[in-house]
Amino acid sequence: MDETIRRRSINEFIQKDPFARHLGAQVEIIGPGHSRVSLTVSDEMTNFHGTTHGAVIFALSDMAFAAASNSHGQTAVALNVGINFLKVSRSGDRLVAEAKEEFAGGRTALYSITVRDEQTGDLVAKSQDLVYRKNDWFVKKER
Amino acid sequence: MDETIRRRSINEFIQKDPFARHLGAQVEIIGPGHSRVSLTVSDEMTNFHGTTHGAVIFALSDMAFAAASNSHGQTAVALNVGINFLKVSRSGDRLVAEAKEEFAGGRTALYSITVRDEQTGDLVAKSQDLVYRKNDWFVKKER
Amino acid sequence: MDETIRRRSINEFIQKDPFARHLGAQVEIIGPGHSRVSLTVSDEMTNFHGTTHGAVIFALSDMAFAAASNSHGQTAVALNVGINFLKVSRSGDRLVAEAKEEFAGGRTALYSITVRDEQTGDLVAKSQDLVYRKNDWFVKKER
Amino acid sequence: MDETIRRRSINEFIQKDPFARHLGAQVEIIGPGHSRVSLTVSDEMTNFHGTTHGAVIFALSDMAFAAASNSHGQTAVALNVGINFLKVSRSGDRLVAEAKEEFAGGRTALYSITVRDEQTGDLVAKSQDLVYRKNDWFVKKER
């Protein structure tokens, strides 16, 4: 398969994430193992303390992780996520997650993800995420 | 304040979580440092592989964590979450998260959370979560 | 192979851990997926703040993890460890780690480990650890 | 206090780590929030599978973390470490850990640590580590 068509097929597959669409998150594959996801926090995405819900910050980070780890066309499933919450954000804030592949071995691969406030650039959360790579390619492997 | 009234005030505060309501999650404080959250996975809560989105499993775990760690009436904010994803689940499955306090020191406290398939009892995810406890009581402290 | 002989072979294999011997740690397999490791903290096991070194607390936890995850005779290698340090300890203290299998799937398995002060029973650290299980049995598999 | 003298005092304090000396690790503060630690793996630093013990890889990472997080002269204690083990190494290999400060807030700070094989540059482990910063300066604070 032509590499440009391959890239496009992978991208279309990843864009179909129902939960990303439900939250209104924009998912973008920048290159192999590299992605960006952005989202504007709405009132219903807050917690009982009135700040952005940890699960929403995680969702952003997780969607960037999923896009980056599946960006090769090989099915990758999350094994472990370690996330640190660093700064409070609020409804109306626009958050951007960026994921980068740090390591890709035989069966596993590791990603670093930052979540930042788009306006200030402040670090909101940082995570380190591990996948298991299955013997299954949702878009045919490069030969 | 009477302890029964205190418990009820804390519970009412925690029930107001907008994101839990948005996802349709039922949050229940079982006792101090102990909570349970349940949710039925819907189609929009899935990922591009067609299984329950990791961010939804995390959300369940995180809501149990937040309920348990704030169950004393003292404001607790998440510092770190380490989560392991163990078993795939799907739209229509009912998932139950249970959080238990493992340690409560001066400024920090630690929680263990399990997420299970309600029907089979299978472990879907397990996490270990750390909070920072602020000098702020949203429901007045016991004397 | 007779199950008693099998258990003994696995135990002998695990006892040969050079770093556990070097630190003077006692490793004990209690049953499949369950182990205990103990150690007395010496002066050289402290850090520049004069308390037990985090790497020594981790070592105890890790040795319990390794014993539990290899207790079936199948080679298990650590993928991820998430550890929370909860209480300071000092030279002269006796610490005990206990590991329990929480989940064992196809290629991965998850363990919970506690490290306690043997005398007071206080929780010193808690970790949640993930292994990858190789297609390799160092003591022949049960049929 | 003169900044050069201050830096020297902090460095002397950190060099006194008994467990780092016991393992023969070289600890170097490169700058505020930045450190490097190196070690040659010896036979007694291996596990029962004959490879470098996970606790030794952790020790290297942890010593870099401790040096970086205490490099400001303020007492920092480890709260959480999430470490991923990526590549096997062996006795005779020289490993190098490097820690960098990713975030420093009021009471907490976060560090990224890589452990690499010095000769090949291969990533052996990667961790993300959180400290609590106490109201205690072991070398007087800059004014």
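General remarks:
Order of writing sets the chain letters: A, B, C and D. Residues in each chain are counted from 1.
Assume a residue touches a chain if its C-beta (ideal position, glycine included) is under 8 Å from a C-beta of that chain, and two chains touch if they have at least 3 such contacts.
In this text the structure is predicted, and so the values were computed from the model without any measurement.
Of all chains, the one whose Cα centroid sits at the greatest distance from that of chain C is A.
Compared on C-beta pairs in contact, A-B and B-C come out with A-B as the pair having more. Centre-to-centre spacing of chain A and chain C amounts to 33 Å, using the average Cα coordinate of each chain. Centroids built from CA atoms put chain C at 29 Å from chain B. Our note on geometry: chain A versus chain B, Cα centroid distance of 22 Å, whole angstroms. Annotation for chain D: residues touching 2 or more other chains are 79-80, 82, 84, 108, 130.
Chain D makes touch with chain B in their complex at residues 79-80, 82, 107-108, 130, 132. On the side of chain A, the complex with chain D involves touching residues 80, 82, 84, 86-87, 102-103, 105, 108, 110, 112, 123, 126-128, 130. By the touch criterion stated above, chain A contacts chain B in their complex at residues 13-19, 21-22, 43-49, 53-56, 58-59, 62-63, 66, 70, 75, 77-85, 88, 138.
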